[in-house]
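Both complexes shown next keep chain A, but they swap its partner, so chain B is in the first and chain C is in the second.
Then we have the complex of A and B:
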């Protein structure tokens, strides 16, 4: 019985600690204190662009082509292949691109942050920073969050383009069920700029949480290399659960009550 | 060895469990004297002229366990740069500091000695505010570290240089950038000035030619020396060394000891020439008795989270406390066992 109570209590404790930790990171950005280390934020932004952009584009491209093919088959089977653009518009923009973006952020960026900060923690590098009179939280964590805020919206918007392009190629060029003009007519009818904004908000909420979770587990790692490994695994679990929660809540909030589509009465 | 000991006491001869030992000042009195005297270093000079009652052992410990703790502090004649006042610290169920009272005199090379697990490295982390005590106080130049706001703490830390056991160099930077890092963050120096300062420090520790190497290309000894250069670069008032000799061969250990003494001497001359408010204070944590004999001006011996005895090196090396004698001679027979 005690076990049953203590486990969720432990989760709540961790959630509280993580929230407090994230609050401090955000406070460092809001109060502009992080701009003392703007150079480090730019360096982190550069690392994000160089190391993560292509892999995100690649994964989103694959998912976009899958959406296109499955949507094409389904609409063709129902006798309405002209509507395969609906799948590309909805499946890509509203659900799969944000999710895949979140997966890749968690797998590549989140675990990278945990491993890097965790290694710095166990080799006393973070303590060395603090002893030099530099806030480790600000220099290492707030700069990473700022870098993510500066760079990721653009990477995400570009990756939506990669997904759309893949769906177009799959439906129009590969399957050939519909002409280019027919596909694009339906494709643009079933989305508008507000949908793009909602999709961006979903993805950025995921990225925001992933960076905070990564920084939390890395910054507080202990127990040597094994401890860093454990922290990395824990962060991945938390991030994957968070990505799906944010995805679900985002869909409910933005499209749950209103499909925002030219259908129905 | 320092020959600046202006005051000495007989220390009340100790041979076995002391009956009426000379004691460090009581916690509260110490705190008030220290804070009141923050602007007057002379008032912070430890003067032992009476023997307060022997403190009770910590909770859960018997008198017998602490019978070798004479708590005797031979005066150094200098104000304390850092003071621990009745400090307690526990990690889970492990009680590490159990009412520690000790000071590090200004302008001296102090050594903190003691058996493994007695809280020496924990002391260093308390001095720089990386750990906070559960109870008690730590004063740096008369200011309470646990009570500082974050911004004041970061400012206070600029007084410190700390050499970690493995150097704690930043793995993503080469040696030059590691040493230049504090200057770039905290000063407005031009690139030329930074280059000059960094190369001077790297040459002092014999690493001028390795400036472009990454930390993973350096040996353990080189990493320690690089950490030393980085700790020196902001010319701190207080320099802390956490087991600088661990993993080094005896010759390198001796050379590092000489380097510490040489740099302390240079910094003392510079501080006196510039009439600095505080003289440079070095604190070395070590298990190496030879280093203690060669380098220390002042020795503090800790055991079971409390001070056993402290004083200028010559007083400590002649101490009659059996524990101190055993520890400083490295003998297997004596109060300290494997238990």
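Then we have the complex of A and C:
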């Protein structure tokens, strides 16, 4: 019985710890103290762009073409292949591109941060920073969060483009159920800039949580090389669950009450 | 990695079979790790993507009863396998890489070889088989909870459940189910090979293990997605009857 209670209590404990940790990171940014290390933030932003952009584009491209073929076959089965653009627009923009972006952020950026900060912690580099009078929290974690917030919106918007392009290729060039003009007409009718904004908010919420979780697990890693590996694996679990939950809440909030489609009155 | 796949397959088939207990241990270990994240993820995903958005679209046409048919297409064929693979790779795969990587940097794998124990046969094969079997089985689990997400979406729209199940079972084909399970079993194989390979080639102390986990999960995701694309494409193109929508 005791064991049964202790597991959920452990989750609640670490959730509280993470929130506190994230709060301190955000406080560092909001009070502009992090700008003392703006150069480091820029360097992290550069690393993000160089190392993660292509992988994110690749995954979004694959999922975009998958949306395209599934949507193509589905609308063909319904006898309305001209409308495969609806499926592509909704599937890409509203659901799968944010989710896939979240997965890849968790896999590439989240675990990368844990591995990096974790090994710094294990080799006592973070303690060395503190001794030199530099807040490790601010220098390592807050700069990473700032960097993510600076570049990720742009990476995300570009990756939506990759997804759209892949859907277009799959539906128009590969399946050939609908002409290019017919596809694009429906495709653009079923989305508008507000949808893009909602989708961006969803993806940025995921990225925000992923960076905080990554920093938390890396900063608090312990127990040698094994500890770093375990912390990396653990952060992945938390990230996956929170990506799905944020996706669900976002959809419910933004599109649950109002489908925002140009149909009916 | 291909060499490792070949060696794993050969040593899985060739006797003796010393990996029984390790197989059971790994199977239970991965199951214990994965069941809860998978449960939350599939319900959330089923409710969110096919459920709410599908229902949004169908409600406009007054055809919410078709949501069941839509779920066969989306959940059975795509999302259940895909969420299943993502969770298994992210949770069990990373744990395997962390475990093997730690053994590698502590030189335990070399010690095993010195003792005359083949690490591929005794460590990789049981993980490979366990992950294949588990991903296949968890596909059914993911399917069930994905459909629960769909039921929740139907109820949120104040629609009766009878039509949901009627269209669901009218559209569900055996081909869909076996396609889904074969696909996830192969996903499991990809994840296991990538994660074991990255774990066994980890080097460079603490940072090395962390970096191995990072690379393993990225490669596993990309591999799974690329394979999924090819598989879905082939299945849909070679079995045109499953794309017909039954009323």
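Rule of thumb we're sticking to: the second predicted complex is superposed on the first by the 263 of 265 C-alpha atoms of A that agree within 3 Å, B and C clash if a C-alpha of one lies under 4 Å from a C-alpha of the other, contacts with A are read in each partner's own complex, and residues count from 1 in each chain.
Throughout what follows, a residue touches a chain if its C-beta (ideal position, glycine included) is under 8 Å from a C-beta of that chain, and two chains touch if they have at least 3 such contacts.
In this text, all values refer to a predicted model and were calculated from it rather than measured experimentally.
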item	value
Contacts of A:119 with chain B and chain C, given as first, second, both or neither	both
When both partners are placed on the shared chain, which of chain B and chain C touches more of chain A	C
Which superposed partner A:226 touches (first chain B, second chain C, both, neither)	second
First, second, both or neither for A:259, with chain B first and chain C second	second
Partner chain in contact with A:132 - chain B first, chain C second, else both or neither	first
Where chain A meets both chain C and chain B, residue numbers	119, 123
Residues of chain B that touch chain A when the two form their complex	125, 128, 130, 150, 154-158, 160-162, 164-166, 168-171, 181-182, 185-186, 234
Touching residues (chain side chain C, partner chain A) in the complex	33, 37, 40-41, 44-45, 47-49, 52-53, 56-57, 59-61, 70, 73-74, 77-78, 83, 86-87, 90-91, 94-95, 97-99, 101-102, 105-106, 156, 205-214, 217-218, 221-222, 225-226, 228-229, 232-233, 236, 243-245
Of all residues in chain A, those that touch chain B in their complex	119-120, 123-125, 127-128, 130-135
Residues of chain A touching chain C in the complex	55, 58-59, 62-63, 65-66, 69-70, 73-74, 76-78, 86, 90-91, 94-96, 99, 103-104, 106-108, 111-112, 114-116, 118-119, 122-123, 224-233, 236-237, 239-241, 244-245, 247-248, 251-252, 255-256, 259, 261, 263-264
